[in-house]
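So, here's a batch of structures to check.
Next, two complexes with chain A in common: one pairs it with chain B, the other with chain C.
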Partner chain A sequence: MTAIDRQMDAPRAAPRPARNARQRKDTRTAFAFLAPFLILLLVFQYVPLAMMAKNAFMDYSLLNPDAAKFVGMLNFEDMFYFDDARESLAATFLFALIVVLIVIPLGFVLALFLNSTLPARALVRTIIMLPVVTSAVVVATMWNFLLDPSNGLINGVIALFGLPRQPFLTSPNQALIMISVMTAWQQVGFATILFLGGLQGVPKELSEAARIDGATRWQVLWNITVPLLSRTTLFVVVIMTVFSLQAFAPAFLMTDGGPNSSTNLIVYHIYKMAFVMQNAGYASALSLVLLLIVLGISLLQMWLLRAKWNY
Partner chain B sequence: MKHVLFAALAGGTALTALPALAQQSECTAEPVTLRILRTPGNYPYPAAIEAWQQEHPCVSFEINEVPFAQLGDTIAVQAASDDPPDILVYDGPNTQSYAKAGILLPVTDYLPEGWDDDILPATKAEHSYEGEVYSPGIEQTTVAMYYNKALTDAAGVTPPQTLDEAWTWPEALEAFKACQQGEAGAPSVWGLGPTRFGNGQPGLVYQDLIYQRSNGDPEADPESTAYKTFWAMAPDGSTVEGYLDTPEAIEALTFYRALFNEEGVAPKVGIPNAFFDGKACFYIDTPAAGSALLKDPVIEWGITPMPYFKSPVVHTGSTTIGVTARSNNPEIAAQFAVDMSWGELAYMNVSQRGNLPTLKSLFDRFPIYQDYPMKVFVDQLEEWGQPRPPSPYFAQYDRVVTDALRSVAFGGDPEEAMQNAEREVARAMRR
Partner chain C sequence: MTALRRPLALTLILLLILACFFAPFLWIVSNSFKPQLGIFSDVTPISWRTFLPLEPVLDNYRSLFERTNILRALLNTAIVSVGQVTLTLILCAMAAYALTRIKFRGSQVVFVVILLTFLLPVEAMLVPLFQVVSGLGLANSLLGVMIPWIASPFGLFLLKQAFEELPRDLEDAARIDGAGHVRTFFSIILPNVKVPLLTLGLVTFLFSWNSFLWPLVIAQNPDIQLIQVAIAQQGSPTQLPNWGETFAGATVATLPLILLFLVLQKYFTQGMAMSGIKG
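== the complex of A and B ==
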């Protein structure tokens, strides 16, 4: 008896019971309710994504898309042949790293403060949330004035101490750090609120039991709170990393990607390539690579920071 | 609230309604609506449109405006669509880029008799591509150096007022240093104020490429570095290799870098209204600043010709008018664009904005340009004016070279910056 014969003789799975008219109507209704969203998702997310993937293999400009021609892997080869993609990605990763390194510990500490019974919590909550809800343009303009190399407020304070004025946004060595600090300042409130939500979900019994058993506050924090917040931490790290990799406004509004391409963040670089340099094919290829990088980093972070505890 | 809403609605519809209301002749043919994309406050102006509609009663207009900073992006998106605007009012140096991309319609056949003799050569060169004229041009600008007379008098500085006495850049630097008040790099009054263009940072091709160009020589052997320095791009627009990183260019850029760093006489970032608020002795701007100061003289001022190293040069160019190749009404749109830039209608448009005309025959009709100080602009245009390097890749060139000049102004190495710029422009031209 062959394997096929055995398969034919095996008892067949029970047939699915016939769907009655009510069930069919429910299905149609469900599709009717879901259709608008699915159509929008398809038209505005997946179709452009597919077009972008196709355009990554084309050479064309937005001014004359009819003249597009297939160039195979040329746009991807250009990423290795020219320095711009490498430099832009390096600047973006460094930017994301600085932002995450500032936002995560600071957001956590501020969340601990807001979760405590210390005074002035409402005031602090307002102060740290204001930048989150303020327009990126307003924030960028304000920081531009603060960081003015000649007459900025920060240089004014530096000069009061007799120290040399700093070039800040006009220095290739300082500009990226400055826009990272600005972005972290703007985002820390959001991270704090996420951490606060996580803290308020940690069962109080665990810390109370630990305190009764003689654990210090620090031991409770380090051995109970931090581990139990690992899911929240994972979420905040992923969100902040993805936000940072997609940052556009600081480079667009404050530095034009300079000086010397030191703040040429990848999304701004993609915009510049498509709309200014009229190299939309290359911009699409960069977008595709960025998509894969963001996906890869998110998956890696989720694997590295996977939760060992549930509550 | 109701009044505010009503006012907003009325204002919003005024742009389209106003020309239509002005139609007095009776329309006996198929009505046509021409769509215009322009920057806020730019031409064609209502008076000129209304005058034109007297002869074309069937044509009405729908005007859309976007800020100058978004104009290039908007044109890139709209011009290639199936239903583009009929008329574009765009940044003039992009004419060849748009012509090469097939966005613009040639208007050569619509130009009136005598146009060739009347138009400024720099304007015609800028708006022509492969033997066709793509824009008739309406206005022309260039930059000169304004000065605050109270500050220069106090410093004992007397800037020249005619082209033959114009300063060289080292002479100008001495004037900046003499007039500046306070610590170099962070003074209370700057020697040379920041630009009002863009974000106020240095590096713009329009204003700052002339440093290195003026260290070249347009009459030198075409193979020489002096010749290449002056033109800053092959005259046929085919290459920049060897045109930006010449020894003459590096020498000029080393001086340029010193203005913002070692000498500390010019700021690296914008300071809104610095010149008009008395925070800068000298300031480089177009005739627009002079027109504003003539109307409202907030300071005592004068104009001195642009300094130079060896060969005086100023960049020309302004926004200009063109017709989209995909216009649904190409004939009437082309006629409109040409009419707006010729004769009385051109005068109406130019006089309202306060810049210079592109037609030599109109210069006499602008009395403010007959005498000092504004005459400096006319003299410069006629004797020193050059378009920014005309090329189908100007948009890319403009961005790359601006970034390079800015990095030099911020203290970067001129040779490295210009070599990178040449490489990047060559990359754009490869396509």
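== the complex of A and C ==
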């Protein structure tokens, strides 16, 4: 800007200092209100994120993190070279898949029930929410005893029908299924609440009109309610998947990742690598992989939910 | 289905659901009042005595409180949970106020910076977070247990949404009366968002009380052990001399939350439903 321009601008710019002062003051006030939040966010989210990205390429232990050594891609090469990461990720994905396959249909049906006019709705809602508010530790402890081979409640029920007792958590074929069933049992109330929110957004006129036109209840459910809930369903699938990928307590408390690594969930594997084996660089690399998987799922969800089929 | 068979089928399904979700709780709580042999003898065959303590004894609870550090763990957890709820509410409300009620340059950028952290999976941050908190000298302190979660993006979004729904007229009137942002925040905004604050407080309390992996690694000193870690260290069925004591511990650790949930169920459910609304 030349001097002449500035001179020419001068008369018009006259009221500006007052407005600028006001704006500056507002900006200062805004950052004063935001500062505590932003500082903590920076220190406890962004700094760890940067450290993780760096540490994934280091070899170090948490006992002496200052003696870290740069090792390039070695941690990632190890992931391909040894079986542990692949096995752990496979177990974690299978776990998440079983949880989702149980939780989605069951949560949907329970939400239909809670959205109806049938009796005992309030009682059912309270009861299915009890496991949701109970901690993962207490649920895992509880199921540890429910699944006990000799004196557990579930084997007691099985014995009632004259069937042979099951080993459950010590069987390589049953352990992962059992911790998935347990996690689904704990989360189904949460899924139900989410589905219920979706159902309450479905306009009643649609199903009423279809009923008048002679559609059966089943047809209304299958051709109107289910398609209208596809956004909610995708959303619940993503929440449950992301939640399951981060499960820790079942492996820690019930199976120690076994038998034969069949329940070696990824977060438990990361925990063991970092805090027991003191191989924090490798644990950081595993964490980075988990982070990228979860980010990928979230981005996929956003892409699928872009406003197009918004009801 | 005939008119008679329908209610019957429905009742059976309902009873089955209730049994699946409620029986485990009932089994744990009633067996916490039984001696070891009673627990074992009552489970086969299953009958109503499996789920009822016919001659209740308090031995499990007595030994739980005398032999273990559970009282200390409960106290520590209460301090952490209440502290975390208080600080979360304050910080999130202040940040939400700035983002909804003050016009300033860069508000979009700030919002995106916060939004991005919403996508980070908490448990994947375990190792670097441990290093950050240890580096700050906060390992083995109650503050270290709660501090990483106080700037909660979920809390900010919940309150931001609530603040946006408040009519602007409220504060315009106050502004004309000469109220600054601090006074508007305290006397106009906060009194009008009590329900969202309660909802966020409850969800934060639930999250804090139930958290396990983070306290497990950051609070290893027995003096500052939290309740979930204490329960987790009671042992597994096969190596345990006394199941009843573990059941008593699980009951004690869960009771405060269940009571809170039963009293404030509506807000809990609302908060849980909101916690799903992300992305």
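Structure notes:
The definition used in the following text is that the second predicted complex is superposed on the first by the 282 of 311 C-alpha atoms of A that agree within 3 Å, B and C clash if a C-alpha of one lies under 4 Å from a C-alpha of the other, contacts with A are read in each partner's own complex, and residues count from 1 in each chain.
Rule of thumb we're sticking to: contacts are C-beta pairs under 8 Å (C-beta built on N, C-alpha and C of every residue); 3 or more make two chains touch, one makes a residue touch a chain.
Keep in mind that what you see is a predicted model, and the values were worked out from it rather than measured.
By the document's definition of touching, neither partner reaches A:Ile212: not chain B, not chain C.
By the touch criterion defined above, A:Leu62 reaches both chain B and chain C.
Judged by the touch definition given at the top, the superposed model places A:Asn144 against both chain B and chain C.
Looking at the shared chain after the overlay, A:Ser298 reaches chain C, while chain B stays out of its contact range. In the superposed model, A:Lys272 lies in contact with chain B only, and not with chain C. By the touch criterion stated above, A:Val43 is placed in contact with chain C alone, chain B being left untouched.
Partner contacting the larger number of chain A residues, of chain B and chain C: C. Touch criterion met: A:Gly257 reaches chain B, while chain C stays clear of it. In the superposition on chain A, contact is made by A:Ile193 with chain C only, not with chain B. In the superposition on chain A, contact is made by A:Gln246 with chain C only, not with chain B.
Touched by chain B in one complex and by chain C in the other are residues 62, 65, 144, 148, 151, 159, 275 of chain A.
On the chain A side of its complex with chain C, the touching residues are 23, 26-27, 29-31, 33-34, 36-38, 40-41, 43-49, 51-52, 55, 62, 65, 110, 118, 120, 123-138, 141-146, 148, 151-153, 156-157, 159-160, 185, 189-190, 193-194, 196-197, 235-236, 238-239, 242, 245-246, 248-249, 252-254, 267, 270-271, 274-275, 280, 283-284, 287-288, 290-291, 294-295, 298, 301-302, 305.
Only residues 10, 14, 17-18, 20-25, 27-28, 39-40, 43-46, 50, 90-92, 94-95, 97-99, 102-107, 110, 113-114, 117, 119-133, 136, 147-151, 153, 156, 181, 185, 206, 209-210, 212-213, 217, 228-229, 231-232, 234, 236-238, 243, 246-247, 250, 253-254, 257-258, 261-262, 265, 268-269, 272-273, 276, 279 of chain C touch chain A when the two sit together in their complex. On chain A, the positions that touch chain B within their shared complex are 59, 61-67, 82, 144, 148-151, 155, 159, 165, 167, 169-172, 256-261, 272, 275-279. The part of chain B that touches chain A in the complex is made up of residues 72-73, 75-77, 79-80, 97-98, 101-103, 185-186, 199, 201, 267-269, 271, 395-396, 399, 403, 406-407, 410-412, 417, 427-428, 431.
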